[in-house]
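As written, the chain order gives the labels A, B, C, D and E, with residue 1 at the start of each chain.
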Amino acid sequence: MTNEQQPTKEPTNESPMAADGVKIETFQLTASPHLRQPESVSHIMMWVVIALLPSLAAGVVFFGPQALLLTVVSVLAAIVTEWAIVKFLKKSAAIGDFSAVVTGVLVAFNVSSTLPWWMAAIGSAFAIGVAKMTFGGLGANFINPALAGRAFLMAAYPSAMTRFSPTTFGSLSGIDGISSATPLAQFKAAMADGSFQALDFQDALSNLFLGNVGGCLGETSALALLAGGILLLYKRIIPLRIPLVYIGTVFLLSWIFNGTGAHFTSSAIIIPFYHILAGGLFLGAFFMATDMVTSPITPAGKIVFAAGCGVLTFLIRKFGGYPEGVSYSILLMNLFVPLIERSTRPKMYGKVKNRD
Amino acid sequence: MMNPISLIEISIGAIFINNFVLSRFLGLCPFFGVSKKVSSAAGMGMAVIFVMTIASSFSWVIFNYILHPYHIEYLRTIVFILVIAGLVQLVEMALQKYSPTLYESLGIFLPLITTNCAVLGVAIINTDLNQTTGSPYTFIESLLNGIMSGVGFSLALLLMAGIREKTEFSPVPKALEGLPIAFITAGLMALAFLGFSGLNFFPAVGG
Amino acid sequence: MMIGQEIKRGIIDENPILVLALGLCPSLAVSTSVQNGFGMGMAATFVLTCSNVIISLLRKVIPDKVRIPCFIVIIAMFVTIVQLVLKAYLPALDKQLGIFVPLIVVNCIILGRAEAYASRNNVFKSLIDGLVMGVGFTFALCILSVIREILGSNKLLGFKFVPGFQPMTVFILAPGGFFTIAFVMGVVRYIGNRKRGVRR
Amino acid sequence: MPIELLYPVIVVGSVGLFFGVGLAIASKKLQVYVNPRIAQILGLLPGANCGACGYPGCSGFAKAVAEGKTEASGSVCVPGGSKIAHAIADILGITADAVEPMMAVVHCNGGSDKALERSRYEGITDCHAAILIGNGSKICQDGCLGLGSCVRVCPFNAIHVTKEGVAVVDADKCTGCGKCVKVCPRKIISLIPKVHKIFLACSNHDRGAKVKKYCSVGCTACSLCVKATPSGAIIMENNLPVLDYAKEENFIPAAYKCPSRCFTDLVKTRSKANIDTKCNGCTACVAVCPVPGVISGEKDQRHVIDKDKCIGCGICLNACPLHAISMWGVGPLVKTTAGKR
Amino acid sequence: MPRRYTFNGGVHPPHSKSRTERLPIEVFPAPKKVIIPLSQHIGAPAKPVVKRGDRVLVGQVLGEPGGFVSSPVHSSVSGSVLSIGPYAHPMGRQIVSIEIENDEKNETIAFTASIKAWRDAAPQELVQQIQAAGVVGMGGAGFPTHVKLSPPSNKPIDILIINGAECEPFLTADHLLMLERTGDFIEGVLILKKILNAKKCFIGIEENKPDAVKKITSLLNDARLREIRLCTLIAKYPQGGEKQLIRAITGREVPSGGLPMDIGCVVQNVGTTVAVFDAVNRGIPLYERVVTVTGPAVGSPKNLLVRIGTPINFLLEACSFNQKSVRKIIMGGPMMGLALSDVNVPVIKTTSGLLAVDTTTPALRTYPCINCGHCIRACPINLVPSRIAKYIEKENYQAAEEWNVMDCMECGSCAYICPAKINLVHWMKLGKYHVQASRAAAAARK
């Protein structure tokens, strides 16, 4: 304040310090608790990245070095976008957390290995730049950035996004890596034209489990995804209820409405297994529906959310315009998260027996 | 004529696939204006469903019994808007007089809706189908389309309000605060709603 | 000089879409190509100017209580004229704009200007205001549609734009419309904030 | 043919007529009275929604005024001031009282360069939050915490916290709405009449010796200011002078007597007294001058004023029987007793 | 395997008790000067009854209770009253305190009021005795014990729970008290049981104190003590929270905004129980207590029997604390204790421990909230701390109140577990303050 003036008639006691030399220690003054557990947000993100590595390895095994290239490009694009925006906005937020890496890897995992690298970069940049940073960065977005990036690519380059390559290993049976169509697309086609043979699909299950099938590069190997998922479950980073309910819902629905008219024939039993192993359900259930930022924070809400994902996945797979329904169903359920959170507040201690 | 399958198809289409806000760009002003709180979004949603029902039924009657027989379809814009504005105002007055509580929760949104493209839009879409396709909407179908479009609008509005209540906590960059971030939110919602495209519960019937 | 200021006001300071956020529905729906955007802009400008003039002429006659319905009838009249003209002479554009031509009636810009300006000012001023606001609306529509046409179909006014660029179809779909207007608006605000010295 | 041309006319006309008549009847039958004054009053209010009036925002206030639940005097809507009060009074047909414009001042000047801290507060940047954790980090229990609760609550952007950590009110922007007064957990912000530019910038109630240990601008309760104000407008209460702005208008001598520099004077440069040739050397001015050595001169000779030492209090103006003293120099001397001559 | 009791939620901070849990309680000599604040409890401060210059004895009343929810304070040394005036209090404020210079004679008042035959005495008489002795809850809250022991007649108490959980890391004062004064402790429990006429009585001890469990179990084997049951609790924080303990042992839930007595329970801390024994059986008022002095910046941690009013820097020096490396001094445990800004503050009745820490707590948020929900899982009363904190940050106190911020007991589990290191408890405190302020304003308007 410029127009303020101290009366300076008789200057006294220039030193602000107490003259009698009393030493005053300055301790830190904070609110309790004075103990904090050591794990931080970047630890969590780092473990997610580690848990994604087996699937990346599977992707490289089945689709060749192109898979690695796409992942690296996608991660780099995510990091560079986040860095540029943080710089531009002059935010003090630390970029050291691994959240951009997670997003980058997940974007790459959700595209076909034949996608041109620059498309993956665009998807990654969109995921970080539009779906995440516009809302203020980590923790502020309402929709899963990686899935938003995939949906954006899906709408922007529909043909490139649905062109899949066979795996490097080739044929073991009818449904495998040879064909460029994804397992679910083949299933849908077979159901539509009536050529569905339970035996073909039964043989395919082991390929699906190991990952020797066409599809997005991160979703092929259910085994690798399961390994990563179990790691995250063990580290208590993701709650069991989301993958369990999600996969369970899809399993049940695809068993009940299996389209064969019976429930205990061999094909009727194979169909639900086929459904849960194919089409990135494990990737979605373990790594994307469990995204902390965009899934409900309340324990009951997580169940509602996961069940909703399961129902939508099933509906889109069975009746929708796409053979795969995982990414859209999670995106759609992301929109419902605030409403779910509102209506699933945990029951507070002492609330039941309130006197009035 | 009263094919239940086509009725379900109309509903699914109006709510999810051709959502008024997220795919047709109709009713954006109230969508962005009244989506800051879930409670007011719910009130607005009810009001929109109500007005859309009135609008689609009355406009169907007028179009099919007055404008169409006398070949003055080109007057529908002017007539529809008059009818809708007049009706809504009547309803609003009646509410204010006879049910102040309902007016408090619903009525305050009514003036916002009268001159809203979603409401006129549903009337015009209903009659547009009459003009272009061989099979015009029946009264029931038209009414259902009105109600379900309103439901679709309300769904989008509720989701938007929930998300905006949540992103209110977010440190959105200054230049994007307010409307721009709401647009981005709507864009991302529209992106997610693309997942519904091609949704068809009766492939054999719907084709 | 007054006119120059007015035009600046319409295009920049009080741009109906980018600053006042009015008339969002048509601006998002038809800005998929420059042709559509410009056509819509012109149609709206015509209705806006004409209705402003008529409303200004009648402002002392119209009773206050029923002014909104009266305004709407006047606007609807001009919209119907536009509709008939388009159908007769530009059927292709009419088809492209579709339902958004009749929906000009409920465009907030037109009713807003009628209520806020034409009903309070004289004919000449209202005429200028209608023109200026219409130009601003058209201008913003053109910006949006240029971006969306280039990104979404790699064309400008129907011609191929950048060789080798693969267009992103998402920009002619609904989400692309929302993203485009969000970022154009963000840039406008950013520049405005910079001018006023507001910190990011 | 002509009948077909008439169809549109008939249709539009009859629809218009139907709704016109219908609405006309409805508006008569269903009318609910809404006081048109509410909108008028709302249009006049500043629209800051500061809540100083005690109603939820300006619209709530407008409603209350229109319904006669509160008066519209400027003391209720402080940001609007008497100007708006008069305009509202015109609408309501009553006359409003003129209200003295007020401004908020922070009664603390003990920034980190002047007042000692006993610990490092690390937590939520909010004064209440700091109070809840060990009553803040300053040794002085009445000092400004400098965490800006008042800054955030100010609707007029009139408060900022200096880099030393003391809140300062910008007198030009302050409208005297009093929101900061309410929010300050230490209760060290108060409203003073805007014409008074001098206030006590300390709130410490400790005894002098104790204060000196931790704050160089803390009030030591030496009472020099009380002595410098003969009108009795300053009284010592609980080791702190209390200024009565209604009783006295000239606190300049008191402010310049303070050995701890506890007073803040918002006037940048005061005009200084000047003795003209009418002076007959009666020494009446010397007797009243609060600063020794400012006025010099032989008895019965023209006296002179040392412009460097003069504090511009203007007391001598009244004392001079010949009206030979006037105030010179830049800056107005706000509402001194000289005006009463 | 006996049943292990526990509650929902909570966290597992490291116990950090090994340095002091085997050290016997040492008597700390009375210092040259004690400062006895008149407010060491919840409720109205005591009113001083001595003047400057008066000579006082150990155990003499310095302040009479200022109301029903209040408690007297007693002198802890013999000597003369130096001054009565504001003095730094552990809470950070200046509180009227009585400063007494120790004349080293340690002359005590005659403890004649003891009720050795408490089994035949009327409960009211015992409660009066406890009130006169200035016994308050010694676990940290400082709620006057006689108030807890005088439930209104429409709220009969059927369960008495003795809180021996001591779930706060580092603290071992109650543990040692249970080990060293087991007999007195059990007798104190019996006194409390008689006063309340409780049908059942439980002693809850966390399983990380097996020696105390064993010793008390062996004592309880006595046929006459069959009505007291020992419950082994899972070692989890905040097992010793009153509401959590009731939930763990009885399965009952204290209603929101209510007290344990609403559901027929009374919980007393171990230190309080021993103080009750001292007051009733020996007539000794509460003028000293056991304090655990420990922490990484303390060279030789100890369990000390300290006179109330001893400035804490004496204790820290006696335990050779490292003045250079200390970053923070905490009164109480690390989870709910108060950070001190002044080492001259006195030990008060609720001081269960003193911690000198060489690390600072991350005080400001270093990451934004990522919605992980750990805080919800940790919250022992099922709140949504992250959401409430966001509301408070946006100054939406009404929403915070709707989300039950007032039920938060500030146990710190949420902030402990938070990977984003958000100061959740601080936000809760701020929110509670504002909600209380607005409630008071609303009440004033009425």
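Operating definition for what follows: contacts are C-beta pairs under 8 Å (C-beta built on N, C-alpha and C of every residue); 3 or more make two chains touch, one makes a residue touch a chain.
These numbers come from a predicted model, not from an experiment.
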Most remote chain, CA-based centroid, reference being chain A: D
Pair of chains joined by the greatest number of C-beta pairs in contact: A-E
Middle chain, criterion being Cα centroid separation: A
Far-end chain from chain C, centres as C-alpha averages: E
For chain A paired with chain E, centre-to-centre distance based on mean C-alpha positions, whole Å: 45
Distance between the centres, which are taken as Cα means, of chain E and chain B, whole angstrom: 61
Chain centre separation (chain B, chain D; CA means) in Å: 52
Geometric centre distance via CA averages, chain E-chain D, whole Å: 46
Of all residues in chain B, the ones touching two or more other chains: 75, 78, 82, 85-86, 89, 169, 171, 173, 176, 181, 184, 187-188, 191, 194
Interface hub residues of chain E, defined as touching at least two other chains: 338-341, 360-361, 363, 368, 423, 426, 429
Chain D residues counted as touching two or more neighbouring chains: 16, 19, 23, 27, 118-119, 122-123, 129, 132-134, 137
Touch list for chain C against partner chain B, complex: 21-22, 24-26, 28-29, 68-69, 72-73, 76-77, 79-80, 83-84, 99, 102-103, 105-108, 111, 170, 173-179, 181-183, 185-187, 189-190, 193, 198-200
Chain A - residues contacting chain E, complex: 25-37, 39-44, 93-94, 97, 99, 136-140, 239, 292-295, 297-299, 302, 341, 345-355
Residues of chain B that touch chain C when the two form their complex: 22-29, 32, 74-78, 81-82, 85-86, 89, 115-117, 119-121, 124-125, 128, 173-176, 179-181, 183-184, 186-188, 190-191, 194
Contacting residues of chain B [partner chain E, same complex]: 168-169, 171
Residue ranges of chain C touching chain A (in the complex, touch as defined): 166, 168-171, 173, 175-176, 179, 182, 200
